[in-house]
Structure formats: C-alpha cells, structure tokens
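Pasting in a structure now, in structure tokens, and then I'll have a few things to ask.
By letter and in written order, the chains are A, B, C and D; residue numbering begins at 1 in each of them.
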Amino acid sequence: MKTNTTELRVYYADTDHGGVVYYANYLKWFEVGRTEILRQAGFDCNDFEKQGVIAPVVEVHCSYKQPAKYNDIITIKTTIENIGNSSIKFNYKIIRKSDNESVAEGYTVNVFVNKETMKSTKITDNLRKALGN
Amino acid sequence: MKTNTTELRVYYADTDHGGVVYYANYLKWFEVGRTEILRQAGFDCNDFEKQGVIAPVVEVHCSYKQPAKYNDIITIKTTIENIGNSSIKFNYKIIRKSDNESVAEGYTVNVFVNKETMKSTKITDNLRKALGN
Amino acid sequence: MKTNTTELRVYYADTDHGGVVYYANYLKWFEVGRTEILRQAGFDCNDFEKQGVIAPVVEVHCSYKQPAKYNDIITIKTTIENIGNSSIKFNYKIIRKSDNESVAEGYTVNVFVNKETMKSTKITDNLRKALGN
Amino acid sequence: MKTNTTELRVYYADTDHGGVVYYANYLKWFEVGRTEILRQAGFDCNDFEKQGVIAPVVEVHCSYKQPAKYNDIITIKTTIENIGNSSIKFNYKIIRKSDNESVAEGYTVNVFVNKETMKSTKITDNLRKALGN
C-alpha cells in the first residue's frame, strides 16, 4: 500500500497556552497528509473539484500520545487503509522527527460526493489503480 | 447528568473554501463545550492550572452529519458520559439552531495530569460531586 | 457615529505557546466586530452575497498594547471611521473586560466588490443611511 | 540586507467561505518568514526563550493585492528594514509562485523583551551582526 511522508515545522500559530500544539491542529496535518498522498498518486484536489467532486471528511479519530511542541519538525505518515465504493479511509501517524517518537495517530473517512447534489459518487478506476488497490 | 448548552455564531474565520465550516474547527467548539460545562459546575480551568493540574485531550472522535455554514448560529450541547479515576469522557452535539438539525457529534477523553510530572492525578471529590456523579 | 460592542471569551484555541492570544487571532475578532456592526444596522453579510456583493479586507493594521490571555473576557468595540464611494474604514478596540484596559487597537479597510467581476461597486444609500452617514 | 525565501502550499485549512485564503492567515505566513530569516542567520527562537527573551509583535500591517487560493504555492519573501535598540522591523512579500504576482505585502515590528519583566532588552551584537547590520 502507498505511503506518503511529508514534513512540517511547528510554529507559534500551531501551539496553545499549554505550550504544546493545539489538539485541533493535528487535523490540519491530517489534511496535508491525505492531500499529498493523492497528489503523489497523480491526483490534485483542484482536479476533482473541476469535475464537480469533493471528498469531505465524515469521520475523524485522533489519539494523542505525546505533545508536539514549538519548533519541532514533525513527519506526517499517511497510508490508505481501505477504498470502498465511494469512500477512502486514511490512516495518519504524526512523528516527532528528532527522536522518531509517535506524537499522535488517527484516521479520517472521506466520502466522494457530487458537489451539487451532495450524493455519494463512485470512486473512479483511475484513482483506485493509482492508489494501488 | 449535567448538560451545558452554549451558542456561537459561525464567521468567515471558521469556514473553508468548500463553503462550510472547516472540519478541524468543530474541535474548537468541543473545547468551548467542555470548558463551559466545567464553569457551570463552578470550575474554572485557570483554577486547575493554579493547582498545577491540566486536562489534555488524549482522544477525540467526531462524526460529521451535515455542514454548518457561514452565519449559522450553532448550539453546542455537552454532557459528561463518564468520570473515571483521573479522566472524563465528554460527549458533544453540534446543532444548527435554525432547524434544530444535528450537524456533528463527537466525544473527547480528557485526562487530569500534574503539569510538572505529566503523571495522571485523581479527580477530586469536589469536582466529581459538582459534575453530578 | 454608530458603535457595536460584542463580548467574547478567550479559549485555548485562541492562544499560543507564549501564554497569550496569538497575534493573528485579533483579526478574527475584528471580523466579528465589523460583521456585528453591520448586523446591528440591519445588514447581514449573507444578504450582500445573495446580491453578488462581497467586501474583502484590502488593508489591516493592528497595534498590540497588552496581551489578552486564556479565559479573559474581551470586548470588541467597533466604529466606522469613514464611508467612501465603495469602501468602509472600520476601527476596532479590543478591551479586557476585567479592568477595562485596551489590549489592541486597529482598523481595516473593506471594499465592496462585485463577486463575479471583482470590480468595486458603489455602497448603496440604504447601507450608508443605516450606518449613520 | 538579508532576505529569506520560504515556500508553502495553501490547504483548505487556510481558506474561507469566500474561496480564498482567510485574511488573518497571512499573518501566520509572516510568522514563518521572520522565524526562518532568523534561523537562516543562525538564531532559533527557542534559543532566545532559553535566555529569557521573547520578541512579540507590537504592530502589524498588511495590504491585500490579490487573493491567494486553495492549492496555490506561495512564496514568503522576508527582509529586515530596520534594527533598532530593542526592536526589528520585518517586511514581507507574499508571492503566488505560478505567475510571480504579489498577493500581499506587509510588515511587523517585533520588540525584544525580558520574558519575566516584559521590559524591552537590547538586541545583542551577535544578532545584529548576523542580520547584516
């Protein structure tokens, strides 16, 4: 199964008063991960939109293991657990680069829908093949 | 079991390019909900901190039912599902006020820890009673 | 000249690793202020959009006086300094409610434009009158 | 005078309901710019903090020229306009990489202060030399 690895730096903007990354901001990193694994497979989210298709998150889960902190470099490892008829389950590991420790793990389920009707739409064979399934 | 109800308005700041509230921002509303149910019970998060105790989220889950949109008034309904030795499980319903439809539901597990050692600490009887358990 | 006063609570989501509100988040409060002074005058930003008009910020300035902190209640005081042919200059004061101290002051210039052409469009007499000018 | 150039991708997280980058988020890019120009000169903000020094923004200005959009790659060009006794004025240009158009320009004034007393502190000769002044 395909994996995407993307690195990011933690800035003040990502942190909170507790001195660590604010818990909601890990979901922004999940977005980066799934966008980049699709791009790596040759698919740009703008292309989907031009075809009238969007892929909103219908479910998210995250377990926080250790706090990521200001100035850390973190690695987002994204894999695809499952491709259904019209949905994809993405798994994410957020790793602190300096010591390779996992700081958070989670998943999202994204459903491909027609932008106008908001009805689910079948994932194309092209995308399915490109994602290695 | 105690319930807290807090209303908020959706601004541009909360939304994304898809025309709806960005999925990570629901977690900000979960934070509002658990802060306000604690305040309603007489506990201010600043007081915990002065006692050297913080309550980070160790787990979050959210199911997205319908999109909340710009200018909507949303209602955050927070309840407490369970109080363990050192953790609380909060449940959240995000409701669109105009038609009372559920837009999202989720939970967080928060663990009370000593701010210095980051070891878990027992929830006090005062807090337990105030939360109705 | 009309004034709008809106109160908000500071949550973890608004703060950063320095223990204070992150400097970009004051601009979210400016958005709240200008949206609410328009609403108070009977104008809802959704109505403008339905007429094909949006009012993006073309310029912002903010001076930071004192840090707003977690759990503070802050007051956003918004006034209108000037209404041009197609632009409005809004002034904002962010005040800490507990001691009435100014924590930040700033302004934005918003230009009314046609959403399709992005050309500037004249402010209607209705809006001009409602804003007291 | 030294210049730092840093590239970033625009994600959904950065955008708003208007289909463009939310105006407050440009200030996050300004933070990236000034952090990276300091890092390039050999100074890590974590090092300042260990010495008890922080450098909060006391003033920000931004002019918005054209909207940055979802999936754009933007270039942050940061220069230092002036180094005072205890403050630095940073200039920023945000450029859309695809056509080299300026999307926004602005500046911040950052004051170096002692973290405990919040009194301003002299910028060291080391930092002044490294920043090329």
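Side notes on the structure shown:
Basically, contacts are C-beta pairs under 8 Å (C-beta built on N, C-alpha and C of every residue); 3 or more make two chains touch, one makes a residue touch a chain.
Not measured: the values here are computed from a predicted model.
Each of A-C and C-D has its own count of C-beta contacts, and the greater count is at C-D.
Interface repeat of A-B: among B-D, C-D or B-C, the matching pair is C-D, sharing over half of the residue-numbered contact pairs. Between the Cα centres of chain A and chain C there is a gap of 33 Å. Distance between chain A and chain D, defined via averaged C-alpha coordinates, is recorded as 27 Å. Inter-chain spacing, taken between the CA centroids of chain C and chain D, is 23 Å. Of all residues in chain D, those touching 2 or more other chains are 12-13, 18, 20, 24, 28, 31, 70, listed in ascending order.
The part of chain C that touches chain B in the complex is made up of residues 9, 11-13, 28, 31-32, 35, 44-46, 70-71.
In the complex of the two chains, the chain B residues touching chain D come out as 12-13, 15-20, 22, 24, 69-70.
Per the touch definition, chain C reaches chain D in the complex via residues 18, 20, 23-25, 27-28, 31, 54, 56-64, 67.
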